[in-house]
């Protein structure tokens, strides 16, 4: 009797172990539902062929929000100056085209990524040892200083008038840009897919886990021997590079760029998008940026004042009642329904 | 033989207030030492100085004979110095299993990897589950830490420190804040620790101290008041006067 | 007087006036952040609200400029209590991020509301005669309005210093900024203390907003545009420190003015460069606790 009890207990424990291990072993695998946003993006291409320029802008903002999710959602770095890297990327491509006649688009993206990464690495190395208000101020000041530097050298940057009327070479030397921006849309979508794959790998890697550890409890991370500063600088650099690519795409799809890309409004906007979608969950960036851009497109034509009030109200309500964003709301609803069914 | 941990003439002040004064301390391999002293004696500060959470104003800390005074907290941890905190410091929004996997990942340097999936290392997960098994936490493996009762969270705190495979372990009131009906669970774990690990435990409960420790250091106002075997300390009139007597009045444990 | 001396005196005078505006508007933010660690990005909105109250009182109701300033401070201070009790209070224990989002949301709503009622065009305000023109200080003429700012700033600094350092309430505030838990354990009601300082701070911000109309112009975007400056003054000065806020306001005010005099194109570059330099050396600001 006693012997069989122990075997049963042992078997029980083994199965509990197996279930626990399974959870981690399977978590990073692709799920069918993850195809949805991509199918949606392709469907949009066929359903709204005349809104492709707007569509590209949405994809750019998705990428920008995704880069913020990496540092804000996963590593827990609260920044008010993420537009700095978007702007650096946007100006890298813009200046290369306007001043050096380097108009090949894909190499432009790489150049933007590299320059933004360098700026991210240098500022991150200095700033990321601070937290709280000091970090908020320093990130904010970084973006504004870049803007002021651009303004100071308006002979190169074009100042607040910007660099208008940029032209780029055909994509891969073959696909030219058409009036409705079909090429740009597919181009932006392809770049987003590549970037997303990278981000997803990082998030599910041991490094990505360490980032959530830093977000959850930085004191403990120090105590278990994590080189916290180094990890933060690494992810900050990567996020800067991605934001730089988003900025580069922004310049390429719009064919112009002005110093307003460095605005505090731009940093705040991307944060709002991410928060609306939900932080630390990859697809929050997709949902948040799309919802925000579509609503803005509709309401700001109706009345910009009304739109601004609405977005403010949504933020306040989100903080008070839906701290996990739109995706979080869906999750809670799903749980609620599941529990109702059970009982 | 060099001591596992050696503290030499350590000093630290907060403003004009000295909180650690010329402290010397030695832990042999496998030591079981208790650090006791009245509230405000500077016990936690001493732990913070040893682990590198605070920098001393003078003095040295040696781990296995090597001077680690200039090293960061993380570097010291990687060299085998682990601690638990008086108030839980856990990854509350993650599962218990992830808490452990993270610790092992950082210990073995996996966390430098940005590409390979965390879940693809079966060895890490199995080791994490072994640690949980040994503390009877397997059933809680997939629960979020913040959903656990405080007593079980205390066990996770210890499990993390053990998963670091430390040579020196500093336990800062491991049973603090746990109802006495559950504290025996934690104290059993402490009593059963690997005999190779040198352990320094801060503890208020004298029963625990006398049961667990082979040596006791008494800290008063930041300085080492005396040290010795439990018997010597128990029979030391001065210690009774400054500390034990006072403790009897308060009666029992406090957090 | 030699040319460079004239410029130096002008920079100092204008810088001082600007610094007084910065101090008056930011000091409340510093104390409330120091007390509760609350990141209040809607502080600029309170300042803007004060400015519009002054505009309405002077232009539509015919109240004098100086009485309007006082009324605006009292009204906005009183209204801010509603916000503190109703919204801010819920988030004292929340993360920086949630506080940032809530208060950005409030700032957006405030800007939209102001645009709806007053339009996006900057407003001006009728000044009494004694604040127009110049005043003779013996060796030179200076704009009266800026002289008024400096005098008002000096008076407020004295009053605040007295309130902070010499009164019972001030002592309690300092104790709470220094160590909140300790203050509570000796029986100080930190919650009520915070409501009070929040109201006074918002009232002062409103006063600053009223003063800014003539100095910087007042449009709805004021709430965010200058918020950055107030935050910088607070961060550079050190949270919860009166002395620090004053010193930061002086340094940044004079540097910004000097930058604009000597290198017009540089715009705000100097302010941010100084900010970054100070914060890299002293992350907690001049008088902040490390």
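We call the chains A, B and C, going by the order they appear; numbering starts again at 1 in every chain.
Operating definition for what follows: contacts are C-beta pairs under 8 Å (C-beta built on N, C-alpha and C of every residue); 3 or more make two chains touch, one makes a residue touch a chain.
These numbers were taken from a predicted model, which means no experiment stands behind them.
With centres taken as mean C-alpha coordinates, the chain found closest to the middle of all protein C-alpha atoms is A. Look at the CA centroids: the one farthest from the centroid of subunit C belongs to B. Rounded to whole angstrom units, the spacing between the C-alpha centres of subunit A and subunit B is 40. Separation between the centroids of subunit B and subunit C, computed from CA atoms only, is 47 Å. If you average the Cα atoms of subunit A and of subunit C, the two centres end up 34 Å apart. In subunit B, no residue touches two or more other chains.
Residues of subunit C found to touch two or more other chains are absent.
For subunit A in complex with subunit C, the residues that touch the partner chain are 72, 78, 80, 126, 129-130, 132-134, 136-138, 140-142, 144-145, 148-149, 151-152, 154, 264-265, 268, 271-272, 275, 305-309, 311-316, 318-320, 323. Only residues 13, 16-17, 19-21, 23-28, 201-202, 204-210, 212-213, 216-217, 219-228, 231, 234 of subunit A touch subunit B when the two sit together in their complex.
Within the complex, the subunit B residues that touch subunit A are 51, 53, 72-78, 82-83, 85, 89-95, 97-98, 101-103, 105-107, 110-122, 125-126, 129, 133, 138-139, 141-142, 160, 164.
On the subunit C side of its complex with subunit A, the touching residues are 33, 37, 39, 87, 90-91, 94-98, 100-102, 104-113, 115-116, 224, 228, 231-232, 234-235, 239, 265-269, 272-273, 275-276, 279-280, 283-285.
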